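First the structure, which I've put down as C-alpha cells, then a few questions once you've had a look.
A, B, C and D are the chain letters, set down in written order, and residue numbers restart from 1 in every chain.
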C-alpha cells in the first residue's frame, strides 16, 4: 500500500485526487494539507467524500510529508518549486500538478509565470509526465511534472503527425475549449455562474500560459521548432476539454494511411482511444474518466488534417494523469484506480 | 459470478446499468436486448463504454434471458408485465426498473398507465424494492419492482416522520425537481436542449404517475392513508433530483430530537446520509453515486419540518438501486459495484 | 424627458436598469455612480451597452444626483438608508432596489440585515412598490421601496387567495427557485460556475431575508398574521424565478371559481398574466420581460391550491419593476420602455 | 406600415421574427402559416408572445400571402424554392431565411441539399442578403437570400482581410461554435438536453452545408477561389455563435494597421462592432441583439491573424438580419425594430 500525501488539497484537482484515490486499491491518502482550511474535515468541504474519508486538512508539515511514499502537489505555481527540494532530499517521490516543473527553459517559465524559479536544479531533473511519450523515464523519476490540461489534449492529438513528420510544423493550429473547472476554485467575478452561464468566448487569445508548454512538447515530438497558434475558449459547463487541431499534410496521399497510423501509435495505450475515422468525440464520453478520445477528419479538396481530441480536464488533464503517473512510478497496474467508465449522460 | 441480462438497454437507465456493472466484481452482463438496435455494439451507441464492453444489442430472446441469473428490465411500461411471467417460470430472478410492478392496486395502475395490467399474479407477488424498507423481502424475492426516481427521494425523506407518527399525515407536501435525463432518451420537442436550457418550470402539477406510487409508499410507512401533494419540476441540467418536503409536527417539542431520530433511523443504511441539521444537500454531491443525502430544517415560530433530500435519478433513482437490490438478492456485499464517490464538481 | 440617476450601477440590477432605460422613450440616464469603478465607461464593463451609452461611472456626488428627477438605488443594503434623506430634502424622487425601505418593522429589519436602520423617518414614509397592490400610493410617493425578487413572485401568486379570504392563512408554503444572477455580481466561491453548474440545492432553508418581507406582504393582503414557510433554491441558470405555492382552501367548492377569480383580480394589470388553468409557466417565457405569469393547479381529492408563478428576477423582480414604478410616479404609460416580448428560446 | 407574412412560423426563426416584429414600429404581421399547426394561436405555442399577438397559424394560402408587402420564409430547404415564383409573379417581395437561394452554383446546392433546385430562374436573380456587402442590391431586390448563421459570423470576421488582399486565401480556418437553437425545433434524440447538456463536441467536421456558402462568400470578397476549412461545434447553451478565424498575413508588417483597417471597414455599419484590439467578445454581449462583435488578436512571433467574431445565431444569424434586410428593402431606418441592447447577463 502506497502512502500518499497531497499538498494544497482544497481546489478542484485536490478533491479529484481524493475521489480517485478513494477507490484506488493500492494507495492510501495519509495527509492532505491546506494552510487556510487546516482542521476542516475534507468531507465537510466536499460532501461527495462523506463516508469515504475521515481525513481533515492539516497545516503543511515537512516531516509528515517526508513519511509519505508519494506526494502530489495541487498548489498554485511557485509553491512546489519552493517545497520540493526538501522532499527530494528526504527521498520522497513527487508528482507536481502545478506548472512549476513543466517548462525546461526557466527564462520562458519566469516570463509566463511572473517570478524567478526557486528550484532550477530540480527543474532540470524533473520528468514531463506524459506517459504516452515518457513512460520509461516516469518509471524511474523522483519528480514528475504532470502536464497541463490543454497541453495534454493538444499534444496527444498532434503527436502521431509530428513524430512521423507528416505535416508542416510551422502551421499548427489548436483551437481548444474548456469547461469552467479548469480555472480552479478561487472566487472571482469573471468565473461566476452569472458571468459564464449561457455564454461562450475565447480568452487568452493573445497568449496563454499553456502555449509555451504546448510549443515545447510539440517541438520535442517534431524534433525541431514548431509554429503553433493556440486559442483557448470557455464553455458554459463544468468539466471537459475539446481541442480541434489543424495541420497541413506535406503529402496529401498520406491521408489514406492516417487512421491506421494513429491507431498504431496508440494501440498499446490504455487511455488513448482513436475512434473510427470521421467520429465526433464528445467531452461527456470521458467525464470522470482518464481517457483521451480523438478522431480524424478531412474536408474535400483539402490538405488539412483535422483532429478532434477530448479529455476531462480534471482527470486526464490533471488528477487522473497524476495517478496514472503514480501507478507507473510504483510499478502498479497502470489503470489501477482508473478503471471506471465515464459518466454519460 | 452472476450472469446478468438487460432488456431494453438503449435508454439512460440501460447505459447506466452498463456503467455500473462494468466495474462490478461479481456480476457479468451476458446479454442486452433492443429490438430497434439489434446488432449494434453498445459502445457504438455509448462511447463511454468503449473498451469496457464488446457486447452488442440483441433481439429479445426468451431462451437467452432464461439462462441468466438475473434480468433487469429497463423498458417502457407494459413490456415487463408481458415478459416477466415466462422468466419467472424459468426460475430467473428479475429487477424491473419500469413502473409495471410498483403499484399494488391494479385499478390505480391501469388508470395512470392507460392499459390493463397483463400480469396481475406477479404484480401481487412482486416486492417493492426500497431496501431501506424491505431489505428482508428483497433478499428472498424472485421479482423486485425497482422504485421510481421521485418516489425514492420523497419516501426516504419522509420515512422517519411517518414511521414514528410525528406529523400530520394529511398535510404532506413534496416539491420535487429533476434533471432532464429523468424523461428518458426519446426524441421529443419538449425535451430538446433548445426548449429546456436556461429555463425552469413545474410539470405534471395536476397529477404525475409517481403520485400514486408515493402515496402508496407513504401510506404503508404511516400505517394509514395519507394526503400528499406532489409537484415535479424540470431543472436545466442532466442528472439529479432534489425534493423539498414539508410536514407539520404534531408536537413541536419533537423538533429537539428530530435530527437524532433521522440519524438513528438510517444509521445502518449504507446509502442514506443524514447530513448535519441545517445543511443544504446539493445534487452534485450524489452525481453518479447511489447515495441519498438529506438534511432537516426548521424556520422560526414554525411547526413545519422541512427536509431536503437529493439523489441521482439514474443511480439511487434507477440503475444503482437496481444493482443494490441485485446485491441483496444474491447475498453480495450490498455496496458491491457502488463504492465510488460522486463526481463533484 | 425624465432625468435619471443610478447609484451603484456595477451589479446586475444596475446593468439591467441601463438595458431597459436605453430604449425608454421618456427617460434619460444622466449619471451612474460607482465608487470602485469611477471613470470606467459603462460599456467597457457591459459590452452589450456598446453603442447605447457614452456614460462612465462616476463618484457618488450628492449635488449631481440632486439634479435628477429620479434616482434608482441599486446598492448593497444600508447605503440607501444613509443617502436617501439628503435626496429627499432636495426634492428628488427615489426608487430603492435594495432592501432598506421594504420592512416596516425596523426591529425585524435590523435583525435580518444585521445593522441599525439609519433613516427610520423615511422608512415610515416609503411606499412598498408592488404596483398591483399600491399603484395609487406609488403615484404620489417620493420614496418607493422596490420589492425583492422572491417576494414579488410569491405575493403576486398568493394575493387573490388572501385578499378574498379563501385559504388557511396559517399554512402557506412557498417553494421558490432562482437563477444565479439573484445573488449579484460579487466574486465568491459559492457562486462560481464550477460550484453551481449542473447542480441544484435548497439554501437559506432555515430562514432567508426575503421571509419577513413575504410575511409582511401576505399579512397585509390577508388582513391578519400569516404562517408562511419559504424555501429558496438555486437553479443552474442565470435568470428566472419560479415559485410553487401551496395553500389549503377553506371551502373546496371554491375551486370551481378560482380561475375566474384570478383572472378578475389581474384583468387590468399589464404585467400579470393568468394562464389557462393547468398550464405550466416557464421562466423563459418572461426572460428579459417585466411579466409575472402564473397558473393554478389542483390534484384529485385535494383541498390544496397549487399556484406556479414565474418572473425574471432581474426585471419584474428588480429593474423592470423599478421602471414600472418610475412610470407610475411620473404619470407615464405604465408599460413605457417595457413593451418588448420575452426572449424565448 | 408594411404588411408582413411569415411562411413556416413554428420554428425558432419563426418565433424570433415574431418577437422582433412585435415591437417594430413600421411593420405588422398579417399572417403566419404552418401546415401542421393551423388554427393554433401563436401565443399558445410561444407564451412569450401572450399579449403581443392575437394571430393564429394558418394554412399556407398563396392569395393571402400575395396581399402582403413582404413575406419571410422560415421553412425547411426546398419549400421556398417551390413557393417563391408565384409570389414573385404577384409582385410580393421575399426574404428567404432558408438556404434555398444562397448558393449561386445550383449543382453545388443540389449536392449539399440532396434535391434538384425547383427555381433556377429566381436562384439567379436572388440577392445574397449580407447588408455589409450588398446593401445597394438589397435595396432593389425582390428576393433576398438571408445568409446562414455560421456564414454571417465567418464572413464578417474575414471580410476586411480578404477584400484588402492581406492574407493567404488558401489557408483560411474557421473554427465555429454554436448554441443548440441553431439545429431548430425538431424532435431528435441527438438534440435532447440529456444528450447535449454539459458536453461539447465538434460535428460536421468532414463537411457541413454552410461550407459551400462560406466558400462562395469569401471567394467573392477575395476576388478569387479560397481554401477554407470550417469546423462547427455544439455548445451546451441555447443561443450564440462564436467563430475563431485564423489567417496568415502576407506581410507581417500589416499587423500594425490591422485594427485601424477593421474599424474603417465597419465604421458606418450599425450592426458590426469592432472591439478594441485584444478583446474577447462574449456571445452574451449580443444575445437577442442584431450585432456582430469582433476582436483581433496576435500571438508573439506569429504571422497568424486571429479574429474572434460573435453573433446571436437567431438574430444577426437569422431573424434579425432578415428584418434588417426588410428595413433596407423598404427604405426604413436600418435599425428599426432592432434598437434594444443585448440581454446580459
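Note that a contact is a pair of C-beta atoms (placed from the backbone, for glycine too) under 8 Å apart; a residue touches a chain by one contact, two chains touch by 3 or more.
These figures come from a predicted structure and were not determined experimentally.
In terms of C-beta pairs in contact, A-D outnumbers the other of B-D and A-D. Relative to the C-alpha centre of subunit C, the farthest chain centre belongs to A.
Rounded to a whole number, the gap between the C-alpha centres of subunit C and subunit D is 36 angstrom. Rounded to whole angstrom units, the spacing between the C-alpha centres of subunit A and subunit D is 38. Remark: subunit B and subunit D have CA centroids separated by 45 Å (rounded to whole angstrom). Shared interface positions of subunit A, defined as residues touching 2 or more other chains, are 12, 179, 181, 194-195, 197-198, 236-239, 281-282, 284, 287, 345. Those residues of subunit A lying in contact with subunit D across their complex are 171, 173, 175, 177, 179, 194-195, 197-203, 205-207, 211, 227, 229-231, 233, 235-240, 242, 244, 246, 248, 278, 280-284, 287, 297-302, 304, 306, 308, 310, 345.
Residues 12, 179-181, 183-189, 191-198, 236-238 of subunit B are the ones touching subunit D in the complex. If you check the complex, the residues on subunit D that touch subunit C are 12, 15, 18-19, 22-23, 46-52, 181, 197-198, 238-239, 273, 275, 281-282, 284-289, 291, 293, 314, 339-345.
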